[in-house]
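Okay, so chain A shows up in both of these, paired with chain B first and chain C after.
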Partner chain A sequence: MNGPRWMLWLALLAIPLGPAPPGLGEDAVSRITLKEVLSIGALDDEALFQWTGVAADPDGFIYVLDAMDYSLKKFDPCGALVKKTGRRGQGPGEFMVPRLLDASPNFLFATDQNVAGIYVFDRELNFKKKIPCPALIAHLKALGDDKVAVAAMSFQGPGRILVLNGEGKVLSEIAYLDKDAGVLMDSISFVPDAEGRFYLAYLFQDRIEKWSPDGKRLWSRDLLGGKKTETKKISTFTLPGETCFKDIALDGRGHVFVLGGRLAKAPSRTVFVLNTEGELLTTFTLPDTSHCLYLDRGQFLFARANDGITLKKYRILYD
Partner chain B sequence: MTRKEAVQRTVPAARAADQATRRMVRLSKRLRAAALSLVSLGLLSGPSSAAGMDRSCCWVLMDIESFYCAPCLEPLLALCRALPARVQEERIRGILVYGSSGGERSELRSRIVLKKWQGFKKAHDIRFPAVMDTGPFFRGFLKEGIVVLLVHEERSVLACYTLPLKSGQLEEIVEILSVRAEGP
Partner chain C sequence: MKKRVALSAVLLLAFLSFAVDIPGLDVDDSGGVCERALSDCFNDIMIQATGPFGAVTCIIGYIFCKKYIDPSIGN
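Presenting the complex of A and B:
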C-alpha cells in the first residue's frame, strides 16, 4: 500500500522537473549580452570589402559572400582566409550581385540578386550545380544537403515560401500573404525550426509570424507598437521607405532573434528576443549596424561592422 | 525653306547653345575653386605632364553611396573597359564625393569608402586612382549617378557627362582622351 502512494508522490514532485512547455524553462532568459570573439576584415587589409552573406559550418569555418569583389571566401576558425572563389560574370560559380548564403552539413547555397536560381558549392568552394527556382529569391535557408527553402520575390504578387529539392522541384509551398498588400510589402526574412515551422519577419511591416509546415499561421505579433513605414511614390508605384525589421534567426535554445530595421529604437542594431510563442523576453543592442544576423549551432552570433568591411563573431551570453 | 522658317529653326538652337555655354562657364568657375581646394591639400594633381602632351584630363566624380550598391557602378565599368590602361593611369582621376544624401561625414567613413573602392578597383582591374573629396568641395556637382568631367589643365571644363552615357558620348570621351594622350 505504501509503495504505490510513495510512487504517486514522487511522480507529482517530478512534474515541475520534467520537460518545460514551450515558452517556459529555457525561455526564462532575462538579459543577453555579447562578447566579441573574432573580427574579420579591417581598414588596412584585403579580407573583406563589402560582405553580404555569411554562413558557418560545424567545424567553425566561416563562409562569406563579398559583393565588391564578387567572391565567395572561406575563413578558418581563427579568421584567416583559406580560399576564395568567384569573379564577376554569369558563368558557373560567377556572380553579378552576390547576396544570400546558407550552409547545410556538406554544401553552401548562394544566390545572385538577379538570378532565379541557387548556386551550390561544396565546402572547398568548388561549384557543384545551379538549382533552378521559379522566381528571383528574396531570402534563402538550407533545410538539408538536398533541400532549401526560399522566399520567392514578387513585385506585387502574393508572398510565398517555396521548399525546393536539389533539382528545383517545388516540394511544398506556404502562401503567407494571399492578398496584395502593396509593392514590396510581402518582403520577408524567415528562418525554419527543426520541425519545419517557419518564423517570419516582415521587412516593411511591423509583423513577426510563426507558420506551421502545412501553411497555417500559428501566431502574429508586432514589436514596434504598430509603427507603419512611410511610403514614397516613384513613378506609378508607392514604395515603402524604411524597414521595420531586417532579419530573423533562431538559436539552439528555442529563442527567436529579430533584428530591427530603421524604425527600431537603435536602427539596424536593436535585437528583439522572443520565445517560440512570440512573447518578448528581452532586447539587446548590437555594437554596430548590421543588415543581417547569423546564428550558428555553437551559440555564436555573426553580424556586420564598419559598413560591411568587417564581420564580427560574438559569443551569446544568457542571464 | 522660307527665311521665317529658317529663323524659327535656328533661334531656339542658338539659345540652347548659348545656355549650354553659360552653364559650362559657371561650372568651370565652381570647378576651378573646388579643384584648387583639393590641389592645395595635395590630394589631386593634373594629368601627367610629359613634354608635348595635351594637358586635358578626365575627373570622375562618384557618390560614395554608390559603393553600397555594386550595380550602380556598372556604367563606370563600361567607361573603363573602353579606355586603355595607360590612358586611365595618366588621364583619369577619381573623386569620391559625399552625395546629395549627405550622411555621416567622418574620417572612419572615408576610410571605409576608400577600402571599398580598392576592392572594386582590384576586381575590375581599374587603373585610375581616386581620392576622397574632403571638403565637400565637389558636392554640388553630383546630382545623380556618376559624373565625368573633361577638364583642361587650367581647370576649365571642356565637357560634362552623367553616367550612364548617352549614345555616342563614350566614343567622344575615348577619342578625346586617347588622341590627346598620344601627343603630337
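Presenting the complex of A and C:
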C-alpha cells in the first residue's frame, strides 16, 4: 500500500520539472516568420514622409516621429491618422531633427538630434515638458512615466547609459566601454528588461552584451563571426564606416531581437533572435531594410519599408 | 520613385543638419555620402565656431546617417 502512494507523490512532484510544452519556454523557438497586419504610408499618400521613431501603446495606437514634416503623429489601431503635432522650430513641442521615440504607460518621450534633452508628450500629443540631459542622446528607452534611460553621446569618452528621472537628475549610470575603445566604438542601441538589466547592441562592433542594473557585464558575444568594421579617415578622425547592429528589442517571451547592419548577411534586414543568456536561437529576414525594430507587448513587430515612407506592422509567428 | 529619391536627398540633409546645402551631394553615388557630409560638417565655419559641441553634432549626425541612410542609397 505504501509503495503505490509513494510513487504517486513522486509522479505528481515530477510534473512541474518536466519539459515545457513546445512554444511556452523561452528557448523553444526554432523558426520565426512574420505576417504583415498593417501598413501605414505609401509613395502616393501623405501619411508619412520619412519616419524615424515609432512606439505603440497598450490600446494599439501607434505613435510616429516624422523627420520630413517635423511632427509627431498618432495613428489608430487601423492605421488612420488621429492627430498630429509639432512643426519646424526650437520652441516647446517643435522639432528641427526629430529622431528617437519611446512610450511609457502615459507619456511619449521624443528626442531632437541636436538637443540635449527629451521632449515629453501625453498620449493626446500635448507637449508637457522637456527633461534636460547632460549630453546629446544617441538612444533612448522609457523605463516608466517618470524615468528614462539614454545612451549619452560622447566624442571620445567612455560609453555611458544614464538613467534619468523626470527632472533630468541622473539616478544611475552604467559605464559599458573603456575610454580607449576608439571614436564612436561606444555607439549602441539598448533595451531594458523588466528587472532593470540592459541588453546592448553595438553599432560599429560585432558585440551584443547584457548588463546588470548595477553595472556588471553579464555576458558578451558576437554574431557576425568577429567581423571588424573598416575605418575611414575623415578630417583628423579615424571613424568606423560599416555598421554591425542597428537596433535591439525584447519580445514578451524572453527573446532578444537584434537587427543586423551593413555587415549582416542581408544588410539592415537580418534579425538575430537570442535567448536571455545570449544563445542564438534562430534568424529571420525582414521584407525590407529598416533602421529600427520596435516590438510591442502584443507580439507585434514594427519596421520600416520604402526607405522610411512606410511603416509596417507584423505579427510574429513562432514555430 | 521620384518621391523616394527626393526624400532621400532631403533626409540626408536633415540627418546631418549642419548646413542648408551639401555641395556635390548625389544620392545615386554609391560612395560614402555619410562620410562626405561629415567632412563638410567639420569644415563648416558655423560648426567650427561652436567648438567641441559643434563637432559632437557632426558626429551624432554621422551616427544617425549610418543607421537611417545606410544602405538605402548606398554608403
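Worth a mention:
As a convention for this text, the second predicted complex is superposed on the first by the 299 of 319 C-alpha atoms of A that agree within 3 Å, B and C clash if a C-alpha of one lies under 4 Å from a C-alpha of the other, contacts with A are read in each partner's own complex, and residues count from 1 in each chain.
As a working rule, a residue touches a chain if its C-beta (ideal position, glycine included) is under 8 Å from a C-beta of that chain, and two chains touch if they have at least 3 such contacts.
None of the values given here were measured: they were computed from a predicted structure.
Of the two partner chains, chain B is the only one touched by A:Arg88; chain C is not. In the overlay built on the shared chain, the residue A:Asp307 is in contact with chain B and with chain C. After overlaying the two complexes on the shared chain, residue contacts for A:Gln299 are found with neither chain B nor chain C. Residue contacts after overlaying the shared chain place A:Met68 against chain B and chain C alike. Between chain B and chain C, C contacts the larger number of chain A residues.
Of the two partner chains, chain B is the only one touched by A:Glu46; chain C is not.
Of the two partner chains, chain C is the only one touched by A:Thr243; chain B is not. Contacts of A:Asn165 after superposition: neither chain B nor chain C is touched.
Using the contact criterion defined above for the overlaid structures, shared-chain residue A:Leu184 touches chain C, although it does not reach chain B. Taken together, the two complexes place residues 43, 49-50, 67-68, 96-97, 113, 306-309 of chain A in contact with chain B and also with chain C. Note for the complex: chain C touches chain A at residues 1, 3-4, 7-8, 10-11, 14-15, 17, 32, 35, 38-39, 42-43, 52, 55-57, 59-64, 66-68, 70-73, 75.
Within the complex formed with chain A, the chain B residues making contact are 67-68, 70-71, 108-109, 111-112, 115-116, 118-120, 122-124.
Put simply, chain A touches chain C in their complex at residues 43-44, 49-50, 52, 67-68, 96-97, 99, 113-114, 136, 138, 153, 155, 183-184, 187, 203, 232, 234-235, 239, 241, 243, 246, 261-262, 267-268, 289, 291-292, 306-309.
Across the complex, chain B is touched by residues 43, 46, 49-50, 66-71, 87-88, 96-97, 113, 306-309 of chain A.
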